[in-house]
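Chains: A, B, C and D, in written order; residue numbering restarts at 1 for each.
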């Protein structure tokens, strides 16, 4: 048996024994995740967070193995070897479709397709991932796809929720991993304890009453990570700037700059020209192509592009208008801000940037209504009855019922006070 | 006061209060360190170790601040504000000259110049680092340079040893940092305790007898990190391959491929053509240029270059001939190995790679002879007498007196057993 | 300077430099705290929690030193050396009056006096603590006393709140300490961060907005420790049994057993006879006297006392009637339970034990009304405005507004189901 | 199944599933370990180390379970359920015979019998431990005894070495536990890793080559704990004083004080009178009896006893003559010291105390000669060959070959300088 052992800063050792999983890790598509940062632009704010998707995907697979081992210990019959392989492959590949800067450019490079599209495409092939799965067992790539999308018979749907739910191996890994790398203590929770309270009841993965404090910790961890790390205003500023650079380059290409004047790395051409590309083209790009391009564009003939790229690389970021995000930014305020920017010589399309976290928002905990994709977290009491978490935890109830959204405007530093003044004066 | 606070996974919070230091961090030359990995190719082996030089340099400065605070607490007169600023600037900038892949390509991209050359060049300018230093205080860039090189009056030489000695802030930070990111427990030691035993006696930074166990821990940490992490055979294999790709590209350029056929990122041109470049050219390149080039070269017309680049990116690495490094590899063995490679169709210049760790070796502890650059670690006993560490610690004596070198040969997997057989049969 | 260094499992090193504090630690009254367990009977449930009050008191003083250093860093003028000495002495001595089993026997051994009485008595003397304080500076013992009781001028009242408030060094130490020793992760919070956000505004110690998440962590830590550790049903059972043994012994003494038949350690005589004693007598007793007596009483002529003592020592504990505490236990239920116990041969006065946590309840967080003794926790926003914590934290609001009390009945195992049945049947 | 879960500060959760083990934990003999401190007098030096033998014994059993699980994973056939139960029972009970203050009074209370005698006696009965074992399976108490003494067939002898060898569950637990409670970082090593490298080869528990660094850590941990904690000079002073108090009390009893004048707790009578006692008498005493007696003896008519007891309780300890232990203390020096003490009015039998750590020394690592009781630690290389640890580790070799003993004299503070002077002057 050729097992592979990875030393991991979060889980210590990750041992991969199943030969299928070893071969999946070795595919170029999976190795490519080493070149895609997990948190996009967040390393600008938290310099420690330079980690790639590679470790997270290994970690999610590892956590899946632990969860299944726990369920098997709880009831030996619930997980057989085939199911374990399928679930671990799904956990390993759940983010395989991510592209440059992960969520940071996801809907910008290929506006009509998110990373889930590319995951599906990689599974369907042509790709080495597809080949490895199908050569192992015919139809396996489709089965993995079903686990990821949830198109499963009712009694197996819990498998899907373990890779894409409120209590899934994705979150369990990324909270701990991002907390470690950022240095934020907030994301920590007791993974061993959480897992050791899990059970499979009525076809759902639930936790026992004893696990409520740990489940609270887990949801709080998410809450804090969102507001302290993922939505940190400096990270948001850098992400908006990243997108602005790309948008400007696309604009120029649309106006005919491709091939005449603007230096464009060949790998990026289709995406800048068409906002789309073939699977092969998509698999060829990663953070390095984008950063290489940005570095070149500092010397671009177009002054806006050159300035934006330099600002991005040297971290001269736009400033948030408000210290705390607001529930919403009225259209009039945007108009005012754009006017001020324009008058001071900043093209508002690239320098006056509206951010709505509700656009990207992800509830750290919701009492799920749309039960298929995001079923609620359930605790089972001493009599076997299932209770939704926010019903038995006042802490969670406090978090679950408040709307979560926030908006802000990011503008050049020299415009900020004037805009603020005019907004306060009512326009 | 515009203080800057960095959240750091190793030191928790790094607070920069001195306005000079804040401005140094903001220079493009320093921000560029974000794009240069601390451990070159080691992240191929330890996937967590994807961190850049940026965090390490901040960390070294932070540790310097702590060491000086301790010395000041021990004797209020030894460190004034100016000295502190100078020492912290030197710690912050000690690695500013590093280039793509740090040590991994250091003597390959510009064979005649190491990173110390480039550090000196950046300090001398033209550069923003130079400007920031000189505009703060005339002559300051030279003073920083002197701390880094040790050209200091005898009574200040301890400052130099704190940035480049056996007990320096460089090692104190990188051991802890690399240990955290790799997940290796070996690099850990108790930084607080180590620092709290330091004193300045006879113009040298020494530690008290109480600190001996912690000093042992620190030297052992280094010992383990070298053999378990830095010299790990997979890391060595990937670094040798990295250099082979570059050497092949240079060879092709020397043979006229530049401008005809071989796609070469413009930023890399001078280095591939001349093995050298201007400071401006050097500052323009980082890991991204190299990796972007490698990705393009997978499709190069030259089959050797294309194959080597693909092997590097997809981690199909050469294999070590011996499981444990040997004291030396006789020339006959190298000849045999090259013959076997050649016969099987592998160009031995790129596929039969000799590794001598003594080339890169760095004693994790030496009882220093060349006292100026690497003075010994000294403990001060109850009567104020100084004792060299290996004299008072049997554990350190055991490590200090054994020669430390190792050699190995890395070859294509399909050649390994034949070479091994012939070497064992005596040729 | 004769500094004293204590290695502490919670704070690593506790260094005592002030000669007054060193001498206070060396008094017999303070050394006596080594023989009084911090958590009374909780070590029966959490076997790791065998720690004494000694370490906690050192720890509280250490945390006080850190808080004052932070305030001084924030504004150099707020804390002078004399104030620091006074505050640290108060923190060191805040629990000096605790007796055997701390809260577990506090109002049982001397029903009319709590530990605050004895603290006051020790400060007033005759005692070595009193002598050390007065010989250092006349009137100092009274000043310490004022810090502990809060009889201070308005502008110094924050000192009192730092030893006895919702955000005090007592809680900061005991949460971390008890969490470490019990092995409960719940009590942990980030002490360094919490302290580093403190400021003195309008004569109150408040924390900055940045500190809100850490303050939440701190209040949650307290919440979890109360419900998971301090009010754990097994701990409650053992404490009720402890008190029952003592009550029985007193009863027998009242009935004339003292000096005839019942073996009573001489040190305990006044307390068993009179429910009170002189300061000298009080200082002579600790956990050892009580446990030694219990061990002897296993062989007492009185069968109830012998049985209770043996049950206590070998941990055959009464059982809680309800798995979860109830808001209240109606008198009829108590009557029923006592009847069942009696009929089965158990003297209900000692075997049917009513527990009301509201009796001992301590709000882990209250939006303070009685502002003098328990002022609210306040956060200061960017404009210097003070906001009460529950106003700016939905998590805290959730905890603060719910009533917190619970009651249960503890009975012999063989009575439990019958009582439960009859209670459910309505009597 | 009635499993019992203990929350442990070292191992987090200790789950006891085997009903035999649950019942053993519940015996009065095992519960009694709660009243015997693990480290005797060390809590005087390290105030955190107030933990009892109870937790250590649970921990040793827990580690045994983990080691056996690892061996079973490595080779499913090596450990069956019966063997596991036997091994875990032996680990749980390995220290059941310890008495008051563990090693501190072991050969003082009953000079002719060590704790191993009492362990054997408890296993042989009459005791509840004996009954529980025999009622579970006839002959089981003898089988446990054999595991503890090593009277086993060759092929099972590894079981014995796991409870009493250089690589045993006793050390694995106490190093981690004592390190945690003292706050000393030195005792830490990576338990999970150490266990995960174990194998059973040729009837011995050995570790793989990969485990060498962890095994080094483990031996170094022991080395540091011995010299920094167990042999700490303040701990030694307090232990010598403890023994002096007892010796004086015995002397007085021998001279007829029992029953006339000296207050002696009845439980201690046989030991003070005869230096021995029945098993029942032995099981009745613990730390509390001794400390209760010491507290009473502060008021004893005999001035020496009263003074010694008060010194012990208030920690006015004798002072070491030398800062560092010496290889040996010549008889002449002892004579000089006794003379000085006598002249200054101190009875040298109780105030001039000779300490030889070689008396209590325990090699933290020996290349075993007396192979049966202390076989060497063995590493197995890639070819299955066994190598003794000091042969493959220079660090261990350094520790293993140096003689380890030390002697010191402890005297009243007012005699120290005169004795030192005269000893230096050659008498």
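Going forward, a contact is a pair of C-beta atoms (placed from the backbone, for glycine too) under 8 Å apart; a residue touches a chain by one contact, two chains touch by 3 or more.
For each chain, UniProt lists the protein as follows: A, B, C, D = HD domain-containing protein.
The structure presented is a predicted model; accordingly, all values stated were derived computationally and were not measured.
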item	value
Subunit C on subunit D, rotation in degrees - Cα superposition, rounded to nearest 5	180
Centroid comparison with subunit C (C-alpha atoms), farthest chain	B
Rounded Å distance, subunit C centre to subunit D centre (Cα mean)	33
Interchain centroid distance [CA atoms averaged], subunit A/subunit C, Å	46
Averaged-CA centre spacing for the pair subunit C and subunit B, given as whole angstrom	53
Touching two or more other chains - residues of subunit C	12
In the complex, subunit C residues that touch subunit D	6-10, 12, 26, 28, 31, 34-35, 43-44, 46-48, 50-52, 54-55, 58, 180-184, 263, 265-267, 284, 287-289, 291-292, 295-296, 313-315
Complex interface listing, subunit A residues touching subunit C	185-186, 190, 193, 213, 220, 224, 228, 323, 382, 394-395, 397-399, 402
